[in-house]
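You will see chain A twice below: alongside chain B first, and alongside chain C after that.
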Partner chain A sequence: MKNVLHWDPPEGLTGVEVLYTVQYFIYGQKKWLDKPECRKSNRTYCDLSAETSDYEHQYYARVKASRKATCSKWTETGRFYPYLETQIGPPAVALTAGEKSISVVLTASEKWRRTLEEGAVSMQQVYPALVYNVSMYSPQSHRMWWQCVANGSLVVPWLEPDTLYCVRVEALVPGPPRLPLPSEKQCISTLKDQTQEWKIK
Partner chain B sequence: GQEFQFGFCHVQGVKLQVLRKAFGTLRDTVQAQDNTTSVRLLRKEILQNISDAESCYFIRALLKFYLKAVFRNYYRQASELRLRRALSTLTNNFLALASALQPREEDKVFSLAESARRRFLQVQGAFQQLDVEAALIKAIGEVDILLTWMEKYYQ
Partner chain C sequence: LHRCPTAMDTDPVKQSFQAIKGAVQANDTFKNVTILSKLQSIKPLDMCCVTRKLLEFYMERVFKYREELSVQISRGVSSISNSFLPLQRTVQPCKARRLCPCSEEATRATSIINSNYDQLEVQAAVIKSLGELDVFIAWIDKHYHPEPSTA
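Let's look at the complex of A and B:
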């Protein structure tokens, strides 16, 4: 759950040295909080992942521009709800080929963490109802399969031996629709048909 | 629709995506009007550690509260903001859900109902401390929190 605030420079000031200050607010609490790394910074983004890591809270952020002695008003975001708005990264995908089947093993992505010392939290823990949308494609026959799986493994049977198949996987979680982040396409060939081999000899 | 199990209350045909979509229509307008951001009705501490058995009582209390104290009193504003259809969708689905969530006589446990009631009174108390208009806006702006909590009981 990496949450980064982005903004555009004020109009008409592109190329001019403008510094920005960011604050954030936890909905239901009392005051705006500073983000020291994003005080008087010339970047037009601010990583608030650490500050918004409790995904059951809701947040606001605001930014103001300053140049020499003058300061702009604050510009404020809407209410941000990480649990419902964070994009879910794709799982790790491991493929194993058989003669007429391909085994797909999926490992859910991990929640963003500040340091490696922090314990890893799987997105499966954050979203118990997380499912995977597995799509498989055969470049040769142009056939396509889709399957939704809840646990992390799947075997696709009845495939052609010695044939290339490509797989892409996307994690789906409850809540409003989100921008999909599918995994990279991974391809693997099924093994040669052993019975054919023996006949030939 | 989807199936939910709130403790011993089982309910089918819940259209959570319909509710999400309806709320999505209202969200930006309503949350932008909420100026008392230092108050959160459905606080995290209230929604945490609710036992399964208690959840049916709690969700019923919340649904009744939204139907009687919130949605019913926001129709004029919703009409002015052209959000009436979305509010009606929320109302109708909450109504269907509330009527489907009837704990059976043999499952009624006084202590659980009491615990759920104490939780609910915290929500209602915070609501009643606000100005009427502000309270309505805040409660509606928090429907996403309620739906997210409900989703944990999805089967």
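Let's look at the complex of A and C:
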């Protein structure tokens, strides 16, 4: 759950050296907290993944701009709830071709980790109701299939032998709609029909 | 132990809440206070009891005061309140069939929630409780999600 705050420079100051300072607030706690890496920075974004890694809390962030001796007021975000609002990355997709079928094996993406020493947490653990929307497309016949899969595997039967098929997968979790992050398109051809081969010999 | 209820359809509540979430949370100026604390520590055994008590909490202590809010928020709260009725009807048979026990911990957790509410002036407490509806619904979804059917 990588959570990066983005903002636009103040109007009329594009190209002018403006520095930004970011703070964040954990809803229910006592005070605003500094983010040292984002104090007096000229970047217009700030990575708050570490600070918002407890996805069951809610957070606010605020930014102020400064130029020479002058400072702007703070601009504050709404309440951010990672559990319901972070985009969920696509699973890892492994395809295996048969003569008339393709097997799709899916591995859930992992929660963002501060360091590799931190144990891996699968999105399946965070969202028990996570499902996958698998779409398959045949460039030759222009046919398309969709299937919602709860566990991590699926076999698509009744395909044409020796034919190219392309697959994309998207993870869906409960809660308000989120911007989809589908997997890269992956293509594979079904095997040649062995029975035809024997007839030819 | 047979899980009761087996599933809860929270989609109508989520849709209505999504429409007023920004306005409600923007009106909540006390960032350093929460109402629904400790939800994440509720044990599976206590799920039904806490769900039933919180549905009641919202109906009796939050939605009832919607007239004190802006027209836009008040209208949204009315549809949320209507969407809570089927949820209460889903939980009610569990209590009738004694499948909704309340442990000491569950009772303490819900009384903490009520005392969090009492710390604030009514309108502020109503707004804050409304603003935390997404936490309550996410908690319900996490535990009562229906087994996804493959299409």
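In this text, the second predicted complex is superposed on the first by the 201 of 201 C-alpha atoms of A that agree within 3 Å, B and C clash if a C-alpha of one lies under 4 Å from a C-alpha of the other, contacts with A are read in each partner's own complex, and residues count from 1 in each chain.
Basically, a residue touches a chain if its C-beta (ideal position, glycine included) is under 8 Å from a C-beta of that chain, and two chains touch if they have at least 3 such contacts.
Keep in mind the model is a prediction, meaning the values are calculated, not measured.
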> Following superposition onto chain A, is the placement of chain B relative to chain C best described as a clash or a fit?
Replying inline: clash
> When the two structures are overlaid on chain A, which partner does A:S183 contact: first (chain B), second (chain C), both, or neither?
Replying inline: neither
> Just chain B (first), just chain C (second), both, or neither: which does A:W146 touch?
Replying inline: second
> In the superposed arrangement, which partner chain does A:Q23 touch: chain B (first), chain C (second), both, or neither?
Replying inline: neither
> Is A:V131 in contact with chain B, with chain C, with both, or with neither (first, second, both, neither)?
Replying inline: second
> Which one hits more chain A residues, chain B or chain C?
Replying inline: C
> Residue overlap on chain A between the chain B contact set and the chain C contact set?
Replying inline: 25, 27-30, 56, 58, 60, 78-79, 81, 83-84, 128-129, 174-176
> What residues on chain A touch chain B, complex-wise?
Replying inline: 25, 27-30, 56-58, 60, 78-79, 81, 83-84, 128-129, 174-176
> Which bits of chain A are touching chain C when the two form their complex?
Replying inline: 25, 27-31, 56, 58, 60, 78-79, 81, 83-84, 127-129, 131, 146-150, 174-176
> In the complex of these two chains, what residues of chain C are touching chain A?
Replying inline: 14, 18, 22, 25-26, 28, 31-34, 37, 40, 131, 134-135, 138, 141-142, 145-151
> For chain B, which residues are in contact with chain A within the complex?
Replying inline: 16, 20-21, 24, 28, 31-32, 34, 37-40, 43-44, 47, 141, 144-145, 148, 151-152, 154
